[in-house]
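Just so it is clear, A, B and C label the chains in written order, and each chain counts residues from 1 on its own.
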Amino acid sequence: MERWLASWQRGCDASAVLRFLDINLRGIGQVMLQNNPLSGALFLAAIGWGALAADALEVLFGGLLALLTATLTAIWLRVDRQALGDGLYGYNALLVGLALPTFLQPSPSLWGYVVLGGAVSVVAMLAIANLIRTWQLSALTFPFVIVTWALLLAAFAFAGIDGGAPPYAGEVAALAPAASNPLDLAGFIAGVYNSISQVFLKASPVSALLFVAGLAVSSVAAAVFAVAGGCWPSPARTCSARRATWSVPACWVSARCSPPSPSARCSMRPVRVALYAALATLFTVVAQAAMNVAFAPLGLPALTAPFVLTTWLFLLPRQHLGQKDG
Amino acid sequence: MERWLASWQRGCDASAVLRFLDINLRGIGQVMLQNNPLSGALFLAAIGWGALAADALEVLFGGLLALLTATLTAIWLRVDRQALGDGLYGYNALLVGLALPTFLQPSPSLWGYVVLGGAVSVVAMLAIANLIRTWQLSALTFPFVIVTWALLLAAFAFAGIDGGAPPYAGEVAALAPAASNPLDLAGFIAGVYNSISQVFLKASPVSALLFVAGLAVSSVAAAVFAVAGGCWPSPARTCSARRATWSVPACWVSARCSPPSPSARCSMRPVRVALYAALATLFTVVAQAAMNVAFAPLGLPALTAPFVLTTWLFLLPRQHLGQKDG
Amino acid sequence: MERWLASWQRGCDASAVLRFLDINLRGIGQVMLQNNPLSGALFLAAIGWGALAADALEVLFGGLLALLTATLTAIWLRVDRQALGDGLYGYNALLVGLALPTFLQPSPSLWGYVVLGGAVSVVAMLAIANLIRTWQLSALTFPFVIVTWALLLAAFAFAGIDGGAPPYAGEVAALAPAASNPLDLAGFIAGVYNSISQVFLKASPVSALLFVAGLAVSSVAAAVFAVAGGCWPSPARTCSARRATWSVPACWVSARCSPPSPSARCSMRPVRVALYAALATLFTVVAQAAMNVAFAPLGLPALTAPFVLTTWLFLLPRQHLGQKDG
């Protein structure tokens, strides 16, 4: 694996085409936090298979179109080359491109929205990263969230133009698990997670296996944790793969205490971190339900906003936790 | 009084149980800005009497449950010991615990929400304090506001689960004074203040007297001003008790010019401060009415958000007011 | 022109009345970014003519009342004298005063709202400028937006009091161009711009000529660009007149690369700036449509919020664009 990556890297250094391909594949890998072109290729296969299985190839096409637009936009804007090479300007665009055809009927203007969303997602990534740098937070998938919200609402405003059916036809219902599964809390929690995977991944067993394979080539631990706990990708961007843990918010907190920031004064023990992460998970479910209700009048999906906002809420206090006793 | 507090302090130093009690009582006292365990005890009596008089003991129980949860959470998270000892991690939880049973029908899951809200209020307090430190603002009761909003909306989403009646049954109506009292502006202003005291305090004359007594044992001036102007507690956290003034926003502004910040370049004279405070009060009423209307489609109460947001709006310009003439 | 301004300046130094008039005229000029009393006088004539032509003198009166209130408030609060003298505490109040009578039926309380809005717009200007200073952004017309939103929503809450008709009678419809002109995208874009000019300017050909004249006395280039591209004023506050460009967002970006900040590392070439500005324009249209839909349930106009938010989004990444190749 190491040797394959080294020879791939040499290829990229020699060929601009390979380098461009590499950036895009890493962009796909970053959706699940993997800065690895092979992971990206396997994730792409997973998305493609899922789209095929669900007879929704427009989702795959939308994702790729937005990703390519974003990579070209980022190159053209001469953003930071290191971040560009790591695929950090691609994952939000990919999610925008997967989400728009999921919620909107295919139409000529849909592809216009996808291209615009891909380009603006790069600007939004730069803007949000700059905005929250003060608090040492990362942008997570918030660029995807605000760009998709703006485009979905605008598409609703422009709906009369193409003469097509109103958007959100039926699709948004799948995002209100509380309404469709009012049976029990466990069902609701499952529904929350399912609805996310449904939207982005058009989930199918083969897709799931390809995803796990994509994780495994980059980090066996990440793959194990993903199988065990369903560590879904989008909200967990700060999670270092080596310490990727049994659930999304554990990722969040482990990011705080992970080796990359040795200067951190974190003295929280693993059990405490795990319980803090459990509290964050529980509150993410609350935030998801709350935003579903709050956005219902607009027919707007909450997307990954509950995860992003809860993550920020639980990461902001980092340096004030685990104080030494006086 | 001084002597009693000194001996209480010795007791707390000697006994962990007393110290734990002390933290919780100060947390109750902080709802009205008093870092004083005796004030907290009298406020607790006021809340308890009010709950009894309104036949709503679940409100008292909810407040105490959330407060205890928050104190244990803060201890477990090893937050700053000074702030913990001053009760600063308790007052938001107390308000969450008073608000949830006010707006939601008693049910098994209600107490789950109260415990979760108490715990998360500590995280929210740390997060918001960290977020707004850049502008030298304090968190006021905003942690209470966002945690209560999230839990109320989520309870609405989960409502089908317990088979209970939909939440907000009738209660929210009491929070829309413009709708219920469209008679005159004065009536509206009174309604705004009343609705707040109703929600948190289940107001009764005895309760009011106990509150004033609780203020008086800590600060006679605060008690006088409270009687004169109804200096309600929650939004006025930055107010130093000694300079507590005739109304909430006067508190806000006095915080700017109070002795604790001698380096401040404030040269505003008292009359100017009072007029600035009056403008803030007037705009708080506007903000309250605006948020009532804006949140009406969701059936969500504005809680103390108008006060918090207006306070921040009027405190942000502090260092730019009262410039010397060139 | 230079000589006239010099003698006017001498007059202002000698007379407090002239200086007060000067501040207010510059406040009007700042709505289109011109720190020039003659521009302000011509803009005032344009607004007055437009109001007359539309038989809506209450709009002119509201604008002047709010402007005078704001200037007096700013003097009384002893704000920074340089910014005060440049008219920077006036333009938001003028817009508040123009907007309120546009959306609300004339009534005794309307003028109370206008006075309150004018005074609070000064506080909001100071607060927002302080809030976003961290990111080297300017407040643009966001103070106008939040003050007007709060007052419109509150007026709705208080509507029963005066016994008048419900507010927003018909007027808001003019702000939903997607609904009224669902013909084509170009029509929508035109509608967006028209609705803005309609609201603030009660547009008429004579008014348009007076506006261009007001720009020309301050900057011929600004006038040319305004004619060519409709560089509407409110969102473009950071635009230096000399480099005012063919459209609003070009202004935004040129602000980044304009001479006043020579230390900036911007190496973006003009073509790239123009394309970036075009992307911003396109996304402003999306944001306008999105906010129209999002605010429709409240019957609230988006005002200039889409412009302000898009401008901030596209200005935040400034220092990360145009990196040198490694």
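One rule holds for everything that comes next: a residue touches a chain if its C-beta (ideal position, glycine included) is under 8 Å from a C-beta of that chain, and two chains touch if they have at least 3 such contacts.
The structure displayed is predicted, hence computed values, not measured ones.
**Student:** Regarding the chain A and chain C pair, does the interface count as same (over half of residue numbers shared) or different (under half shared)?
**Tutor:** different
**Student:** For the two copies chain A and chain B, what rotation in degrees overlays their C-alpha atoms? Round to the nearest 5.
**Tutor:** Chain A sits rotated relative to chain B by 120 degrees.
**Student:** Quick check: how many Å separate the C-alpha centres of chain A and chain C?
**Tutor:** That pair's centroid distance is 37 Å.
**Student:** If a residue has to touch 2 or more other chains to count, which residues of chain B qualify?
**Tutor:** Where chain B meets two or more other chains at a single residue, that happens at 134, 297.
**Student:** Write out the stretch or stretches of chain C touching chain B in their complex.
**Tutor:** Chain C residues touching chain B: 76-81, 116, 119-120, 123-124, 126-128, 130-131, 134, 149-154, 156-158, 160-161, 297-298, 300.
**Student:** Of all residues in chain C, which touch chain A in the complex?
**Tutor:** Residues 134-135, 178-179, 182-185, 188, 267-268, 272, 276, 279, 282-283, 285-287, 289-294, 297, 312-314, 316-317, 319-326 of chain C touch chain A in their complex.
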